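First chain A sits with chain B, and in the next complex the same chain sits with chain C.
For the complex of A and B:
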């Protein structure tokens, strides 16, 4: 999975958990929290969906790695490679 | 409701969940029942925390997201207008804060700046701030006018205080926001709409439940909860248990006796009675315009254990017809509900015939005392328009919900983090400290998240 695909995965998950958010103009390098109305419970759900849909585990101490789309891609791409290997 | 919400969260993320309900009807403290074809809500006067669609950063939208239930499924129609009625002052409020501010400005000259500063303090309070702090103390240092202080306390206490006279300031902040900043709403068909939405969602995510299936005890092995024994003797094992039975009630399920000091000291001491009058006409035609009226008969607000069967000095009037339902829809019949503080001891001591007789007697007195706070409404007209009536007392609450002391707002001391002292056993609902219908569901969600989903798989 490429970093771009990884970002799309995260965006798809956000669209699912927060259907009332406009995701058309997200800057990948800006914190998601600063662009969208997401609280800590929504971030928990991003983690839960990654586990449910892709079998990816994100330990609680790594939650800050999911701050922006860029940091998500950075952090998650190797994890996607691991699970598909 | 807390249990259903917790169940949805867990089943959504593939946990094997079983909800055990003692009663034949789901909902717990917010349930419904039928008599002669009429359906009655048990707890619901108003769903608090009701914000308009798109209004984010408050509990309701956050809850709906967590449960992935569309807002429309709850059918929340906003209140028309409510009131706090004390002798000599009458504060109206709606779901827009502006009206309350205008009313304070008009009726309490010179108080508006203090009132705005007080509100600012509430809005800026951080989560959990004010725990263990007296709300009366903070009110006294914030608002010079004693009548205004008493009036503002009235809806806050009536919609969630499990303690007499005063309330923890952290709870005051939560309740203030849910009542005054966010507001009241109601589904046209009452609480059933919300319960049905929860049940549908729970089924959709694969949760299972058993009705009329009481838990006799929670199995605890060396301080760790490992399962339950049902009333029919069957034993079930569990990695984690979330109890919405209440704090002292859960202690008893773990083996404590009802007379144990640890149980006794945390039983809520505030119990309530409610009259429900079914009217042949829409209440508005009879002159009842308000959605909810919080009343008190003197400048000092009384909220304490009742000394007699019923404390007539204060109460709440609720008219479920007076919500802004969609054009062309309305409730078929008029409904007038009057809630007051009642004595658990007195109502449970009566023999069955005396109990029925006492209900008969107090019904009229409760309605009459409430009508004093509905100016322009003719009590005779209300009497002659009443086609059916029902009443619940603390005895009813104990019977159907199992709440010790008939305490609908639960224990005096809450468990904000949901822990119980027994490993793998957690509290959700009223005794975790979140209040109201949205609060109950939110409590289930946060406890499921924190103690099961975030705790990882076993």
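For the complex of A and C:
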């Protein structure tokens, strides 16, 4: 999975969690919570969906790695490679 | 003794969803035309069951995201509360919402979410890492009332009133009492039910021999019929705006009714079987508070759920308190014959279905009585067709629940 594909995976999950949000103009380098109306429970939904849909575990200490789309891609792309290996 | 305006509590707005109506007007129309709307739904582990399903527009007051996080009971409570406030004509903008209380009756809350979560983790070999972080906020007892405060920005008290199937009446009584105490200036009070999403509710009634079965789902809930064989479980809700009379008058509000009497008591005899002696005591105490004689009650809206024993017990209680010879003007009816048993919403919804009688002078009938059980043959039972009366001024509404909780609420057509 490329980093761009990884970003799309995260966006698809956010689209389920925050169905009223317009995701067409998300800046990849800006914190998601600064652009979208996401609360801590929504954030935990993202972690849960990564676990359910892709078998990816994000330990609590790594949550800050999911702040923006860019940081998600940096952090998650190797994890996607691990689970698909 | 006359009461001061601040000690008289009135109903000024109604919001509801029932299987056969999403507004008071639609609900009433269907109660007068004999139209129920019970469906067959697929129940996890059980196959098809009869159920009362509501089709209110949940998106009217909640975003898709809110609905994703909302429980069904919470969503119903939000819909009903917002409809009630709109109906009341209260100016919401600028209102001091710290003086608004939300009192929502529920038979149970949390079963639905817990069952869903157990099913969910069963798909992951019961690995609790997949248990939702939404489980606890969704299952706390105050969830439906709390969702109303979140949606409407209400800062006054909110909580659930758990009183089994008497909860709808108990919610209204709680609102009434809090207004009398001066704790709030506006009460959003009533009851809700999401029970049709819980297989456990259906399976429990089935194991108890109390789940209705009929080839036509709309005939399954048939209180007083000889062949009645149990309850049709339904979802729904009814929330009222309650205000002190002085406040309602000051803003020129439409007044649906005045709450003039109520009572709650406990059987202390059995967890599930009713007790007609205590039901009589409950109704008598409510009449006493209202300062009314039984013969002054125009409509007795029964709790009867279509179980063989429960209906007969209530009829025994009503026969004792409202004998036809003494109460020739009193009419008896039942609303569950249309909508099934809406559990925590039942008392509140059934009251709503009868409130328009003050305006139209009609008693909605109990339907589906094909072969009246002699044990339920009350002289003035209105069956299958509405009955026009010269005037309807008082309604007594019964709701009883498991663990022997009885409730009785009396409302009166408003008069100065």
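Here, the second predicted complex is superposed on the first by the 85 of 85 C-alpha atoms of A that agree within 3 Å, B and C clash if a C-alpha of one lies under 4 Å from a C-alpha of the other, contacts with A are read in each partner's own complex, and residues count from 1 in each chain.
The definition used in the following text is that contacts are C-beta pairs under 8 Å (C-beta built on N, C-alpha and C of every residue); 3 or more make two chains touch, one makes a residue touch a chain.
What you are looking at is a predicted structure, and each value in this text was computed from that prediction instead of being measured.
Judged by the touch definition given at the top, the superposed model places A:18 against both chain B and chain C. Judged by the touch definition given at the top, the superposed model places A:60 against chain B, while chain C stays out of reach.
In the superposition on chain A, the residues of chain A contacting both chain B and chain C are 17-18, 20, 37, 41, 44-45, 48, 51-52. Touching chain C in their complex are the following residues of chain A: 17-21, 37, 41, 44-45, 48, 51-52. Only residues 12-14, 54, 56-57, 61-62, 65-66, 68, 445-446, 449, 453-454 of chain B touch chain A when the two sit together in their complex.
The residues of chain C lying in touch with chain A in their complex are 63-65, 68-69, 124, 129-130, 132-134, 137.
Only residues 17-18, 20, 37, 39, 41-42, 44-45, 48, 51-52, 60 of chain A touch chain B when the two sit together in their complex.
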